[in-house]
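Note that chain A is present in both complexes that follow, paired respectively with chain B and with chain C.
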Partner chain A sequence: MAFYQNIPFFSIFLAMFSGTISSVLPRKAARILNVVVVSLIMAASAVLTVILYGQGRSYTFMMGHFPAPFGNEIRAGALEAGMACFFCLIMLLSMLGGRKKLDEEVEETKHNLYYVLVNLLLSSLLAMVYTNDLFTAYVFVEINTIAACGLIMIRQIGRTIEAAVRYMILSLLGSGLFLVGLVLLYDLTGHLLMSNIQESVGMLIENGEYTIPLLVTISLMSAGLAIKSALFPFHAWLPDAYGYSTVSSAALLSSLVSKGYIFLLIKIYYRVIGIDFIRHNKLIDVLFIFGLSGMIFGSISAIRENDIRRMIAYSSVAQIGYIYMGIGMGTQDAMIASVYHILMHGATKSLLFIAAIGLTDVSGYSRQFIQITGAGYRNKIAGVGFTVGALSMVGFPCFSGFISKLLFAQAAIHNTGKMLPTLIVLGISTILNAIYFMKTVLRIYTPVADSDYPVLHMKDQKLYSGVIIAFVITNLLLGLTSVFIEEWIRRGLIVFG
Partner chain B sequence: MGSNLFTNYGEAVAMILFAIGLSNLMLQKNLIKKIIGLNIMDSAVYLFLAEKGYIRGHVAPIIVNNVQSTDAYINPIPAGLVLTGIVVSVSVTALMLSLTIRLYRRYQTLDLDEISMKLKQEGQ
Partner chain C sequence: MSRLRPSHQNKREFRFKEWMDGSVDPYLGNLEMKPQQLTEETKEQFDERIQDYVRLNAELYDTEKNKGVRMFRILYRISSVIWIALLIGVMLLTVSHLPPNGDPDNPVNNEVSKRYIEQGLQETGAVNIVTGMILDYRAFDTFGESNVLFIATVTVLILLRKNQKMHNEKDMKEDQDDEKYEPQSDTILKTVAKVLVPVIFVFGLYVILNGHLGPGGGFSGGAIMGAGLILYCITFGFEKTERFFTEKTYKWISFTALSVYCLSKAYSFYTGANGLHSHIPLGTPGAILSSGLIFVLNICVGMVVTITMYTFYAMFRKGDF
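Coming up: the complex of A and B.
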């Protein structure tokens, strides 16, 4: 076994142990440990991505020398490794960008607990990305939920605690459904390792046995993960949770937590059930319709919102809708578009949250639109960051949002049944996006004559400015090197199943 | 189909319990009752797993008198899954209860809708 094959295992355990250690470290040491660990994992995952991309295959890693079907396994291919690298990058930038806010909003004694939660979140995300065992995936889904709930409630105000409770209730409903689905699948196939389940499921489908229980199982697991990732009708907890938690938490929750569940769902479709069966199943039509309605209703809620943070949160509902629409179209191209959208949304939404906090800081900490008028002049770098994020969300060329919309449209054209609804809703949703994002951009660049709010220059906030610039560069890179990224996703999906 | 339901009555009961737990988690207003619903839901899954793992006439998978045939023992994996599941549900329940305590101290009520209303009045 080559040495690089240990990287996924070490990434997961490094994140987990650093979380445990952070609980006894002083605040500053925990912060440094977090930065070091996340950067290390990012670098290692990048190396792994390059190696696996070159080889064009995936490998399984046996945990504890018990061979399949008894032992636990990790499986890594180019897609998984690249996703891990991307998650680490966004986490690093979000943590650095929200650091000042964290110092202001969270009690000083709770700071190292925050790093415990963040490291646990990273380890559970990595485990969901890499694991080849369905029950392990369930356990880490729960760990992810607990960590995410902690991230919401670490800022102790009434709103966040209530949001955390609502988040927990819906999340637990989702994990309950997922657990039942998984237990039924274990009952049908007698396996827990994903590849083994796929063999058994393939045999069941071939013989035409247990078709209804199989369908129930897949629906339960899809519904569970869709609820957890805040697909449209299940998004009630989302605006409060993203809107009032501390900004790093909001960025992490919107960019990573929900994406982890979606990635797991895609993995289940490819590796557990087999994508060919899913494509000919009516189930994905349901996801398609929920995705489309999310795109419209999420945007309408965002337009009606008067609070910039909540507006960005509602925009997440619409973007999650895009991803499910891609999964629901049921073609390879659409799935590539969905995975690309995961990257695009992760990079852009965290940028928007971090930039919005810079705008509200120079507006007397008020998040109402009327107060942030002209904030783009008072905090230039935050204004630029917000504008880039908004343009990317709307789908301005050069930025990543344009590419993902283009990929969705191209995928729709090759899908005769779903072409018309997809294109129409894509168009409407883009217009709605433009309405609320451009409205905000216009407002932050509307000059106000005599404002008594402070002005923040780049040299006063070096770390923050650096983070915004890094986010903008990430966004541009995603947009400009999209041919390469698309090829990476395509190759990754081939060895994914 | 009806006869299957009767032979697998353990599983059927488990699914009914699951539905009861799920609807409690969703529909109850009181947070404590919601948490109880959550626990019923999880326990129903464990009952289902235990039912699936048990084979009538077989014994616990500990080798005695050198009997190594698989026909003598029940399947131990569901028991392992139940154990893991219990750990998960205990930690989740503890977290939910701690959140409930915090909300109760702040708003003196366990009704989630009432809490939302008080929050709106506070206007934070």
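Coming up: the complex of A and C.
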């Protein structure tokens, strides 16, 4: 076995071990450790992506001395490795961008606990991305849920506590449904390893046995993960959780936590149930409809919002709707568009959250639109970052949002049954997006005559400016090199199932 | 735009610079727009607004007057009952279609459980097959589970540990009043606890150390030890427990246990996956020092569970160790 094949295992264990170490470190050391570990894993995953992309195949890695159905197993292909690399990149940038805010908002003695949460969150994301065992996935879903609760409430004001409670209840409901589905699936197939389950499920489908329990299982798992990733009718926990937590948490939650669950769902569809069965199942039509309604209603809620952070949060509901719409279309092209949208939304939403915090900082910490008027002049780099993020979300050419909308539209054309609703809702949603994002951009670039708010220059906030620039570059890269990224996702999905 | 301005001011670059600096509003005069004005309100206006808000809410949710709210509530209840009944029906239907309970031909009775039962002893060295399964065959999942406990404690610490900033006199007084409620003068409790606590500890240790030989293991033994610690704390108060269990103890125990688990399992996984020879002896099955890493891992899990239980108690009781 070649040495590079150990990278997924090392990444997961490094992240978990750094979480353990952080609990005894002083806050500065924990901070450095976090940056070092995340960058290391990012670099290693990037190397792995390049190697596996070249090879065009995936491999399994035995966790322990016992081969797969008896022991645990992880499996890595180009898509998984690249996703891990991307998650690390966004985590690194979000943590660096929100560092100053974290110092202000969180009690100093609790900082190292924050890094414990972040490191364990990373480990759980990596494990969800790489695992080939359904029960391992569930264990790490639990870690992910608890870490996310901690991330929300570490800034201790009333609203975050309330948001964390709400998140906990809905998220545990999701975990519970997922667990029930898992148990039923185990009862039907006798396996926990994804590839073995797929084999057994294939036989069950062929023989026409256990049709009802199988359908219920798939629905329970989909519903559980949809609740956890805030698909439209289950998004009640989202605006407060994203809107009031400290900014790194908001960025991590919106770009990584919900995306991890969606990635797990895609993996279950491909590797556990078998994508061919899913495509001919009516269940994805339900996801399709929920996705479409999310795109509209999320945007409408965002338009009605008078608080910039909550507006960005509601925009997430719409974007999650896009991803589920792609899954619901049930073609390979649409799935590629969905995976691309995961990347695009991860990169853009964290940029928006971090840029918004720069704007509110120069507006007396108020998030009301009336106060942030002209903030783009007072904090130029934040204004530029927000504008780029907003343009990308709306779908301006060159930025990643344009490509993902294009991919969705192209996928819709080849899907005769769902073409019309997809294209119509895509159009409406783009207009609604433009309404609230462009309104905000106009607002922050509307000059105010004599404001007594401070002006922040780039040299006063070097780290923050660097992070915004890195985010903008990531966004442009995603948009301009989309051909390669699309090819990478396509190749990754072929060996994914 | 205007011919009255000097020529250089009409240039595009100049206008762009003006717009960048914010010295001129490009929308003013071109776009119908009212400049925003900060509203200031007096105390009376504020009170009135609050009162309006309260009155409005009271009237909105007054079901006597507001028929819409009443209808909504009734509809909400009915629909939730229907929805739950539907879900129960679906789940019952599913259960009725599942493989019959206890049938030897069930899919669950396959080669996996067969190998666990037949070869578990030789391969893991643990007499207790369940321990062999969770700490050797599927040790990665169990490592995840111990991390779940660890992260749960971390989250409880974040939520409930007292913030130094907010620690004012009122809180201090509350603390002292609170400590009165520890039933320290209860003779029955004290006498019983004096006898019971050592027994509970020894029993907990036995369950942990014996996990690979008989029923028990880190999770159950740790729960017993944790219960013993909590009983000790209830009886003798925090001053007594603080002598041997402070935040530092918590930190270092969880750190040691999880690090040992992580590093030893990392070694085992690495050798296993790469086909290298592992230097961990399995020992004679049945002896106390046997079954390779399982013995060590049981102790680690036991320690994590113990301190998790006690930390939960201490945090909910006092918000501090």
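Here is the rule we use: the second predicted complex is superposed on the first by the 497 of 497 C-alpha atoms of A that agree within 3 Å, B and C clash if a C-alpha of one lies under 4 Å from a C-alpha of the other, contacts with A are read in each partner's own complex, and residues count from 1 in each chain.
FYI, a residue touches a chain if its C-beta (ideal position, glycine included) is under 8 Å from a C-beta of that chain, and two chains touch if they have at least 3 such contacts.
This is a predicted model, so every value here is computed, not measured.
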item	value
Comparing the two partners chain B and chain C, which touches a greater set of residues in chain A	C
First, second, both or neither for A:F9, with chain B first and chain C second	second
Which superposed partner A:R159 touches (first chain B, second chain C, both, neither)	first
Contacts of A:V483 with chain B and chain C, given as first, second, both or neither	neither
First, second, both or neither for A:L173, with chain B first and chain C second	first
Touching partner for A:M63 - first (chain B), second (chain C), both, neither	second
Contacts of A:V183 with chain B and chain C, given as first, second, both or neither	first
Chain B versus chain C as contact partner of A:F140, first or second or both or neither	second
Chain A positions touched by chain B in one structure and by chain C in the second	135, 139, 142, 146, 149, 153, 156, 161, 186-187
List of chain C residues in touch with chain A within their complex	20-25, 27, 35-36, 38, 90-91, 93-94, 97-99, 106-113, 115-116, 123, 136-141, 143-145, 147-148, 150-152, 154-155, 157-159, 161, 163-165, 251-252, 254-255, 258-259, 262-263, 266, 268-275, 278
Chain B contact footprint on chain A (complex, rising order)	135, 138-139, 142, 145-146, 149, 153, 156-159, 161-162, 164-166, 168-169, 172-173, 176, 179-180, 183, 186-187, 192, 244
Residues of chain B defined as touching chain A within the complex	18, 21-22, 25-26, 31, 34, 38, 41-42, 45, 48-49, 52, 77-78, 81, 84-85, 88, 91-92, 95-96, 99-100, 102-103, 106-107, 112, 115-116, 118-119, 122, 124
Complex contact set, residues of chain A against chain C	1, 5-6, 9, 13, 16-17, 19-21, 23-24, 61-66, 69-72, 107, 109-110, 113-114, 116-117, 120, 123, 127, 133, 135-136, 139-140, 142-143, 146-147, 149-150, 153-154, 156, 161, 184, 186-191, 200, 210, 212-213, 216, 370, 373-374, 377, 446-449
